[in-house]
Structure formats: structure tokens, C-alpha cells
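Note that subunit A is present in both complexes that follow, paired respectively with subunit B and with subunit C.
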Partner chain A sequence: MTPPRIERVTLLVLAIRHLSVGVWVILALLILSAAALVLTDRSDSRDDRALSMWVFSPEHKLMYDPIAARTSDTDAPLDISIMSIAAIQSRMMSGFFGGLPTADLIEVERATIGQVFMGPTEAIGFTDLTPLLESEGLLDQINPPSLSPWSTDGRVFGLPHDVHPVMLAYRADITESAGIDLTQAQTWDEYFAMLRPLMRDNDNDGRIDHYPLAAWYTQPDTVELLMLQGDGALFDEHGVPAIDSDRNAQLLARIVSWCLPDGRVAVDIEEFSAAGHQARVDGVSIGNLCPDWMCSIWRMHVPGLDGKLKLMPLPAFEPGGRRTSVRGGTMLGIPTTTEHPDEAWTYAKTLYTSPDVARELYTLVDIITPVRSLWDDPVYDQPDPYFMGQPKGRMFIELAPMIPIRTSSPYNRAAVLEVRDAAIALVDWAQSRGYGFNDVESIEPRAKQLLERAQTNVVRMMSRNAFAALPEQEDREQ
Partner chain B sequence: MSKPLLHKLALHLGLIALGIIVLIPFAWLIIASLKPSEAFFSALFLPPGDGLFGVDWGALTLDNYTNLFGLGFGRALLNSIFYSSAAAIFATLFCASTGYALAKFRFRGNGLLTLLILGALIVPPSLLIAPGYELLYDLGLLDTAWGLLLPAFAPAFGVFLFRQAVLQSVPDQLLEAARIDGCSELSIFFVIVLPLIRPMIGAFMLITFLAMWNNFISPQIVIQSADKQPLSVAIAQLRGVYRTDYGLLMAATVVSVAPVALLFLILQKQFISGLTSGAVKG
Partner chain C sequence: MSSPRTSRALFLTILLAPFVLIFSVFMLYPLAQSAVLAAHQTYGPGTREYVGAHNLSLLINDPLFWKALKNTLVYTLGSLLIQLPIAFALALALNSPKLRGRSIYRLVFFSPQLMGLVFVSILGVLAFEKRMGLVNRSLAWVTGNSELLELDWLQEHVMATLVLLSLWLYAGFNMIYFLAALQNVDRSLIEASEIDGAGPIARLRHVILPSIKPVATFVVLLSMIGSLQLFELPYILLDSSGGPSNSGLTVVMYLYQNGFELGDLGYASAIGWALAIMLIVLALIQMNMIRRQERLG
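After this line comes the complex of A and B, so read on.
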């Protein structure tokens, strides 16, 4: 028996009056927001012929848009979308796993690229650009070490966007007033020795006023940067882990010795925090490791250092050793699923080899291009007031060919974190035995043991991947 | 002063102190959103100057908010309100009806269906990202509001929650009496069942609204167009690679936190009463 209409209405009223005010408010929000969205709907004006490009930096879009507009006479305009690195990573990998279209061009940050190289080479979601680079002579134009993070098995899967050489940015106002000429320091030992006289507590607050270097063993990026500088390699050229090499043990022992309480020369300063910026302004660290991209960050966030810093090549670990390192990086790849591979390649090489983009890249964010033929641009010779009028761009370019070659192993980050953990354990061990700055040789054997443990952990992780390059069985058993 | 009064005073002073500690991060956030970029790292709270209390009041600015809405944050705010309220309303409706059906109807496959729903609870959400992306692509739902909302309309957690709530709160005799009196199944659900599980409705709606408001991973995979992004994704994209305008970022965070905080401050009595109304009824 169906209740009459009036009873049904009564029942409905009875039912809805039981709902709380909160439910009504959310319902009202739904209706109002839906109405507002419908009223303000902007119909999609995207050209169906357009190629899509994903970038993670608003500055990149700003640089590419005018060039892309000029290049759109290829009959396919370029639609550039900005999204976070995490969003690019999630979408890109979801697309690659499902064999689905993503974008026609994707910019990928170095921390993300490892995932792309996780499987066999033929299953990589990006187009192998090696034949194109060879046929168009681009391989000779690009700074060779800048290709390494984007290459696997001798094949190049991305155009490098940058070089990111590292220099030492030091407080010239402090050192020059103390009569110290740091440019004479060829090695880290000489550098620390020259700055020892400044390691005093002049304001009697119980703390040393100046430390020679902002670097700490708990910072994985710093440890990696310094080990790369010293020719430490966590993987060989085939992607096989080589974490426990003698050279790595030497370097780890050296870096850790800088942080030991007895004779400490390094200081722990956060890179992207107010406290860290203030410590730099206060001169707590004299020297700071400075990749080219860091210059624009300091200029924006640490105006207090304006006109107080100078750049110099990194002191080497040994006389005649490498005077620079490398940190970070971006590439541009063309997914294999693109329906417009030729147009995508045209855009890729136009954007990444354009003199205008290279100039803007340096002017906007202090980054030098990896395209060697563009290094003659006078923009790189302009004096930078932030760095006491030094021709910063030219100084970075002089070091660019010397940056270390990096691995593209998907396990690199895991290996770096293992090395960081080994450094932490090594500091504990060395401190408990009273070792200090001058005891590198005494702590080196222990560094080797800890790196062997790190190597075992990484190999165990890699062994779960059927496609990972592992050491020979007998090496693993040793 | 009497002992109970002293006790009360000490208690209130302690609570005020704790309240201040809780509010410090919010105060910092609001002040940071009013500071220009150059003052962001030079002063912990208010910028020092010659003004009242030694503060440079003139340095505080609403520019970050102006710039924020100039970047299209109004649209992102509207999107977030729509996604969250739609998910809250429809997920509650679908989960409650499904939970009721599983709890009170005898049909073939009921047990298996319940087991499947229970099984879905133990699948880590990150495992579903790639297959979910493929499914949405095949359905043509990528970069649409439906692509984001449909998977949120009947979460396994909600279905199981309501199944348990119906089992505990709705006696079979009541349903049988309603059927004898000629009540339709739909009326039984809306007039008898929903009021009885009202505490669960309030709680689940609150959970779902907040979960969708804070949802970050799904929208950044599903939604690609800037004008469809919710606040969580729009804020994340304010973090630059080379530099970040922290004042702008803090203003965006205030805009993101304030509406939900305001909504639940106003409605907390209703939600709490919803949560507790069935607690003593047995």
C-alpha cells in the first residue's frame, strides 16, 4: 500500500528535519559553488592540434612562451602547462606504466629521472634521442658531462637544460678585512688552514664566530656534491654499485673529519630556512657551496649578503684535483607515446638551443646553458654587484667542462642516503674514540666498513629488480 | 581567595597558556602572509621599526592576497568547495545506502561483496594510482571533475562504516513494522534508517569533506587544467624551483585553512551533537 501524497511529503519533512545544520550548510555550499562554477565556466580554448608540454617552473614557461609562439609556424602550437615536480612525476609514471599518452614534451628534474630508468632500456617511456642528436650535430654542441644523468646504456633520453657547476661563495668582506686572500687556497687543507685564525669567539658568547665552511655530514646533497668533486662514484659506468670503493672511504673520512668536535671546520647551516639565511648574513660560515642556481635564491631571500660575497672555484681535495662539482639538473624528454614526434623534436631543440632562452635563463635565474656555442654571449661577462662585481657567468662557464660525470642509476638516491647514514654512524664512532680533524687515516678503515654495509643494503634493494645491474655473485659474497 | 577559586584560576591560566602555544603557529602564518618577501626572512614575527611596540606597521601589506587572487586562486577556492561538498554529500548518501543494504538485506553474494569491500580496505592507495589513471583515461574522465569525484563517491571505508552503524543502531523489528505499515523501502531508508544513524552521518560527512579538501595526490594526477585545480594543488605549485615567494605561499595557506576552520568553528556544536546524539540511547 502506497501512502498518499500528503503523507509522503510529511515523511520527507520528518526525514530531513533530522539532518543537522552542518549537513545543510555543506549542501548549500555544494549548490552555491556548483552554480558559481557553471556561471564562471571558461570553455576550453585549447587548440586540438596543439602539442602539450609539462614544465615545473613558472620561469621556464615565461622563457619558452615567446620562443614557442615564434616556432608555431610548424602548424602545431605549443601549450605549456606548469605543474609541480610531484604532479609531473605521478602523471608521467602513471602514463608510462599504462602505456598511455602523457604530454608531447616533458621537463624532468634529476630527482625524478631514476624512476624512468628503472626497467629495461627498450621499455623506457622517453624517446631515445641519440640518433637525432648525432645526426644534427648537437652531441658536439652540448657540454659532455651534462648528458650523463639523462643517459643509460650509452643512449641519451633527454636534452640537458643546464650544467649546474658548483663554486665556493665566500664572505670576502670578512676575509679581506682580515687580510686573507682565499683565492690562493688550492686545496681544502690550505683553505681551512688560512681561515683557522678567524675561528675565534670575539664577542664572548661562548661560540666561535666564523667557521670556514657550511657543510654537514647529515645533508645528503652536500655529501654527494663533495664526493662527486673528489671523484667518488657510487655506481660504475654500467650502473653497478661501487659504494664501498677505497676512494669513497677516503672521501667520507675526510668529509666527516671536518665535522668532528676536535678541530671542527664545518658548520651545520640549513639551506632554505630563515635561520640558515640569518646565519649566513651573520658570517657564521665563511664559505658556502654554491651551484649556479643558488645565486638567484640568495639574491631573493638573503639580501643581507648583497655585495659581501665573492665566488671562487672549490678548493680541491688534493693538489691538481677537481675544482668544481655539480648539483641538480633538468632535462627535456619526448615520450614515446607522442603522436607528433617530429614537431616535438623541433620544439625541443628550438627551446633548448635558443640563444634567447639561454640568455633569459641566466638573466632570470643565473643558470648557464649546456650549449657550448652559446657561451660566448656577453651576458655572461656582466659584473654582478651581488658578488662584488665579479663576472659570475664567465666564472661558472670556465668550470662547466670540468663538472663530474654523474650516474643515472635509479638507485642513486638510495645510495646517497645510505652514504649519509654511514657518515652519521662514522661520526658517532669517531667521537666516541676522541678522533678529530687530523685523524682522517684512523677513521678511514671504519668508513670502509660502513660503506660496505651501505653497499650490501643497496645491492639487496636492487636485487628485487630483475633489470638492475648488480655486482658479480662472487663480489657480493665477499 | 577560596581554594576552589584559586584552583579554577590556576586551571584557566594554564589553559590560556596552552591556548596561546596552540595559536602561535597560526599567528605566525597570518603575520607572514602580511609581510613582503624582503621582510620574510629578516624578522621572525612582526617587522621591527619605529612604530607602536617597536613594529614597522607600515611594512605590513595585503599585496600577497591581491597577487594571490590575481593568479586565479578564487577559482581554485571555488573548485575546492565544490569538490569537497559534492564528495561529502554524495559519498555519505551512497555509503549509507550501500551499508544499509549490506547490513539488512539478504541476497545472494552479500557475504562475498562484504568480503570484497573489506579486502579493498587493505589495498594501499598508492598501488591504485597507475591502474586508476589508466581506468580514468579509458573512460575519458581525465581532467574532469567526474574523474576526481566518482572514485570518492563510494569509498570502501565508508560503506563498511555504515554497515556496522546500521547493524548496531537499526533493529530489524522496526524495519518489519514499517513494512507492515506500508512504508516503501526508499521511505524506510530515508525516514527510519537515516535518522537512526545520524551520528555517523555527521562524522562521516566531516571526514569526507576534510579528506577531499586536503586531497593532494588524486587531483594532481587527474586534473590537468589550471582552472579545474583545487587549492591543495594550486598551493603546491606556488613553490618555485629556483625561488619561492613565501609571503604569497603563506597567504595561500591562510586562504586554504581559513574557510574550513571557520566552517567547523561555526558548526562544531552541530557536528558534536551529531556525533554524540546516539551515544546514550543504546
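After this line comes the complex of A and C, so read on.
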């Protein structure tokens, strides 16, 4: 039976009066937080003309803030926000997927860009910068290989921030005291042969004290770096997978042979952990693969290496082969949803092609600019005490034009991981047959088989993409 | 003027409306949408292409999905067969009347739950590191074998690492359920069995286990569903990838990769439905088994 109205009101009052303390606390918090939100809301005070920019590096913000403040070409202020790469990735992609506004300028790390190119061309969330780059002559000024990761179908969707050539950073204090001149090593074979005498257990702890190279088959970035150096390409210029090429099989067999127990010359050292840094200080690895950006990381996190390292071009896989490689990269893109495309382009040019920023980029984080006309700056010739007084910047710049061309295929990451898995399987197989450092030719056929499997997997992934298949179908119909 | 019956119906409708509204918007509608999406390939919500049953046939022929499913089932078995017995053993130990400082032990075993999955995963990365990690250092120190420092847990023993970490995280959590059940076992039954000469094993088998069966069933079901939904732990531990040879790829991780990294919400929906159907079937099997046991007495 329904209680009379007056009784229901009485019951309600009684219920409210008997609410527990916890409920009152929650209600009080609710009212207080709502009031705080209303009082602190500054959305009305934001400048409507302001452009927003997302960056993932605090150093980048540090460099850009003063430049942005004195940019006179546009009167729109630039509001730069720092967030993690993952946060930028998820916010940016959510915006692109939903056609929603993101920022006016976004810095994108190379591992993220594949996702942008995954869908149909018309759904790419960044503005095609090719006409702007051509009309302003910037296309000729920028180091050509540095454009490749940010281009698809011959169109450039981002301004490159860097070149990221790779050198070998070696423990000169150890090699020189042993009377070894590593600069004479032209190839990896010569390099390993020169360092083999140092591979001893001097402290009798059951482990070898020094290995010639920090590189391991389970590190996908390292495997990709070395394969790129040796002209191994996982995709051709049209984005078609070429994972199972003979050259890739040769290179994979070589890299894996360095890690096999019989005659092993490589060692697994983590790159961004305290354990890895300590191992480097202890000299567990004599040689370390060093892109330009790594210099500032070591300077900051591994002071124990100060004055002990020297740089040299990477030894080549074969005599006369490429002496460098490339790793990582960042671009600046302008989302198609921006309401200020002209101002965004002005800022993009200023921040990425200005001599001041290029100098700061090198001074702060050891990164060399991709703008070739700025490479004459004397800042690159300054000796670096961390690297025993070497003119590090000039050494990287000399290698910059030689960095390998990289694919922008959205499936590159998947391909790299497949190659890493092939390397793991190859090591297991080679170990079970007792193969070692000198058995590259015996390992190669198996490497080829495993890469064929990797290729099949990547092709299967790609064939699932209905959007990638659409243009071909349209072409056939036309 | 409305009749009391109408007024009561209105009153009930007003009371139910918030739930029905929220349930419809956040559960029923997405559920229906995901069924529609499962027949499309998408690049985010804005771009879609109708593919019919293609996603389903892809799923059946997708070796990565089967790999993820196998990994998830191995982890689930590992969790059930290792974690639950340990949780039960801990509960038995803490239920002992002779034990002093029970609340401290309870807090110690339960504390990983207070830290949260993400923090435990980050700690796990450090603990299972080569050379400097706590696990390898301890193993090398205990055995005197320095080669154990090179044990690469996160590359070569991914599943073992996941099971060990989840053991640390969830054993204490499940222990609390078992402990609560043990503390509710009728003392008179235990005393009667003691008078009848039953030893500890017989008591455990014939008195304690039957008494805690409803709670044990609940814990098993909860662990099974939780294990099949494993995501955060391997995601953080393996740096958002499936690990070497996808040895740490789970079904939900694969769903996430497809839906939120590749933008294919259609294929992700198909994976989601496959997982949901599996969970429903498992739950039904388990409920059936319980009913049958109850009928058998």
C-alpha cells in the first residue's frame, strides 16, 4: 500500500536527518570541488588568438618558449604544453579519428607516425606541407633522407626536427691503455678482431669483463639500426614489404652471429636503465651505438663516462660500406583541424629552421639540425670534453648526408618486431646446432626462411587493411 | 487525481529511471554498437568500411589472435593452479589460533593490492632486470651462480614473470576471501570431527573444504574472469608490445592494439565479442558444475 503524501515527506526528512557522516562528507566534498571548479575556471580569460603546441620534450619547450615570445611575424601567442609521447599519441589520434580539434602544432615521434598513415590518405590528420616547402625553397634546404619518415605517396606531412646520424662511442680510456687504435677499424670484422684480446675475465668473477659491442638481437631498435646501416630495407620505395630479401638475410645472420655463445662479441645492455648505465661505466661494453641524441642522455645520466669516450664512424659491414645509420626522429605537423594554418606555418618555420633554435638544439641536447644551410655554424666545431675534446657536432654533420632512407610505412614497426622475433628464433636454432661467430654462411639459409615467415605475417596484417587496398582497386577500375 | 496504483508506478519509474538511463547509454547502446562495428573495418569512429563477416573469418584464421588466446589461457591456468592454492595456504596459516600478529601478516600479504597494478608492473620491470634486478641478484646470491645474473626474464621467460608478478599482486587479495570463509566455518563441526578422530588432512578435506565451497567457487570464477581480462600488467611490463615473439600478448592487449593503436574498432569489437562469448561459456560451465555438485549433495 502506498503511504499518504504527508507520510512520504516525513519519511524523506527522517531519511535525510539520519544520513551517515560519510554521506555528509561526500556531499561536502562535492559542493566544495564544484565551487572550486567554478571559481578557478579561466576558460574565458584564454586568448582566442593563441595557438597551442604539444611537445614531448621539456628541452624543446625550453628552446621554443623564448623564440615564440619574440616571433614578430604573427601576433598570435603560442601556448606550448609538454606531455608524454603516449599522451600525445592518444590525444592526437583520438582527435584525428573523430575529426576533432587537437593542437595547432604537434611534435610527433617516429614510432607514432605510422599510426597517422594507417588509414585512407584523405583521413591523414596532418596538413600536406609539400606545396609550402616547395614554394619557400625549404625542400632543397633540408637533408633529403631526413624527410623520408614523414612522407607518404611523395607528400611531406611534417617538418623534420633532426637527422640523428649514428656513430660508435667507444671506451677510448680502455682501448688506448691497451695500445689499440680503433679508428683503424674499417669494418665490423676488423673492429671485433682488434678487440678480442680484451675479452678476458681479469677479476675472476666467472664473467668476461669487456665485450666489443653493446648490441643484442632482442633489441628491435638496434637490429633495425644495424640493418639500415647495411642497406637492408624492410619495405621498398612503394611501401611493399621486402623483409625476406637476400640482403636482409645476410645482415640478420651477421648480427645474430655476434650474439651466439661460441665466439660471442656482443653484449646485452639495457639502454635507459640504471643497470645499463652502470654496465657501461664498468666497461662491460667497449663500443656503444650512439645516435646524436644519446650524447645528452649519457651526459645527464652517466657522468661516470665523462672523458672516457670517443666517437668514430660505425665500422662498415663490408669494405667501403656505409659508416653510419639512423635512429629515432621527430617531426612538427600542422593538424588539418587548426583554425590558424598560416600562423601555425609561420611558427613551424621559425621554430624548425631558425639558426637560434638549431644552435640551442645542439647546445642543449646534442641534436644536429636537418637544415643544411645551418651546418656551417661554429658551434658544431667546439670540442666536447665528455668525448675527450672531439668536435662531436662536426663529426655527426659529416655523416648526416649518408644516413639511410627510411620507410614511412605504417607497418614498419610491425615489420621490425617480426624481424626481432626472427632473430630470436634464429639464435635458438643456431645454438641448438652449435653454430657460432664464424658460421654466418651456415646460418644464412635459415635466416632467409625465418624472414620469409616474417614477411608472410606482415603481408597478412597489411592485407587486412581495407583502406590501403582501396586506391589500387579504384586505379584498376579507372 | 491519480490512483494509488498509478502513483506507485510513477514513483517506481522515477526511482528506476537513473539506472535504466545510465545502463542504456553506457552499456546497452555500446553493446549494440560494438555488434554493428564488428561487421566493419574502421579507422577510428569516423571512417568505416562494411566488411560483413570478414572480421570473423579473419579472427578464426588470425595466428596472432590464437597466440594471444593461448597466452591468456596459460596465464589463467598458471594463476588458478599456483596462485589460488598459495592464497588458500596463506589463509590457513593465518587462520591458525596459535599465530601471533595475524593482522600484520594480513596487511603484508594484502599490501601489493594497495599499490595498484601499474605501480606493481613498474616495480616488476626493475625487479626482473638482468644483472642488477632484485630477483637475479637474489638468485645469484642464494645459489652462488653468477650466470643467473644474466637470466633474461622479460625476454625469455615472459609468462613465468607475469604469473610470478600476479602471484605477488593477487595471492594476498584472494587470501582475504579464503580467510573470511575459514573464519566462518562452524567451530562445532571442526570440534566434532576432532572428537571423531579426524586428522588435519581429513578435517580439511571433509569439513573445511565443503564449508568454504561457495566462497572458493566465487574466488575461482573471479580469478578466471580477471585472468582472461589481463591487460595492464603485460602492457607496462613489455612496453606496450606483446614481447618477444608475442609471448606476452593477451587477448585484451590484442584488442587494445587493434582498436586504439591501429584504429580498427571493428576488428577490436570482433575480438571483444569472442572474449565475451568465451567468458559466458566458462561461467555457464562452472555454474552447471556447481548445480550438479549441489544436486549430488
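The working rule: the second predicted complex is superposed on the first by the 419 of 478 C-alpha atoms of A that agree within 3 Å, B and C clash if a C-alpha of one lies under 4 Å from a C-alpha of the other, contacts with A are read in each partner's own complex, and residues count from 1 in each chain.
The rule is short, and it goes like this: contacts are C-beta pairs under 8 Å (C-beta built on N, C-alpha and C of every residue); 3 or more make two chains touch, one makes a residue touch a chain.
Keep in mind the model is a prediction, meaning the values are calculated, not measured.
A.B. asks: Between subunit B (first) and subunit C (second), which does A:P120 come into contact with in this model arrangement: first, second, both, or neither?
C.D. replies: Only subunit C; A:P120 stays clear of subunit B.
A.B. asks: Check the residue A:F97 against both partner chains and state whether it touches subunit B (first), subunit C (second), both, or neither.
C.D. replies: So A:F97 meets both subunit B and subunit C here.
A.B. asks: Once chain A of both complexes is superposed, is A:D421 in touch with subunit B (first), subunit C (second), both, or neither?
C.D. replies: second
A.B. asks: Can A:T40 be said to touch subunit B (first), subunit C (second), both, or neither?
C.D. replies: Touch status of A:T40: first partner only.
A.B. asks: See if subunit A has more residues touched by subunit B or by subunit C, and give me that chain.
C.D. replies: Counted on subunit A, the partner with more touching residues turns out to be B.
A.B. asks: Now for A:A274: first (subunit B), second (subunit C), both, or neither, which partner does it touch?
C.D. replies: A:A274 contacts both subunit B and subunit C.
A.B. asks: Please indicate which partner A:I297 is in contact with in the superposed arrangement: first for subunit B, second for subunit C, both, or neither.
C.D. replies: first
A.B. asks: Take the contacts of subunit A with subunit B and those with subunit C, and give the residues found in both.
C.D. replies: 1-2, 86, 90, 93-94, 97-98, 274, 278
A.B. asks: Mind listing the subunit C positions that touch subunit A in their complex?
C.D. replies: Going by the criterion above, the answer is residues 4, 7-8, 11, 41, 43-47, 49, 51, 58, 63, 126, 129-133, 146-147, 150, 152, 155, 240-241, 244-246, 260-264, 267.
A.B. asks: Quick one: which bits of subunit A touch subunit C in the complex? Just the residue numbers, please.
C.D. replies: Where subunit A meets subunit C, its residues are 1-2, 86, 90, 93-94, 96-99, 115, 118-120, 123, 205-207, 218, 268, 270, 273-275, 278-279, 417, 420-421, 424-425, 457, 464-467, 470.
A.B. asks: For a test of understanding, state which residues of subunit B touch subunit A in their complex under the given definition.
C.D. replies: Result: residues 37-38, 40-42, 44, 75, 78-79, 81-82, 84-86, 88-89, 129-134, 137, 182-184, 187, 190-191, 194-195, 198, 201-202, 205-206, 209, 217, 220-221, 224-227, 233, 236-237, 239-243, 263, 266-267, 270-271, 273-274 of subunit B touch subunit A.
A.B. asks: For subunit A, which residues count as touching subunit B in their complex?
C.D. replies: These residues of subunit A touch subunit B: 1-3, 8, 11-12, 14-15, 18-23, 25-27, 29-30, 33-34, 36-37, 40, 42, 44, 56-59, 81-87, 90-91, 93-95, 97-98, 100, 109, 274, 277-278, 293, 296-297, 300-304, 365, 367.
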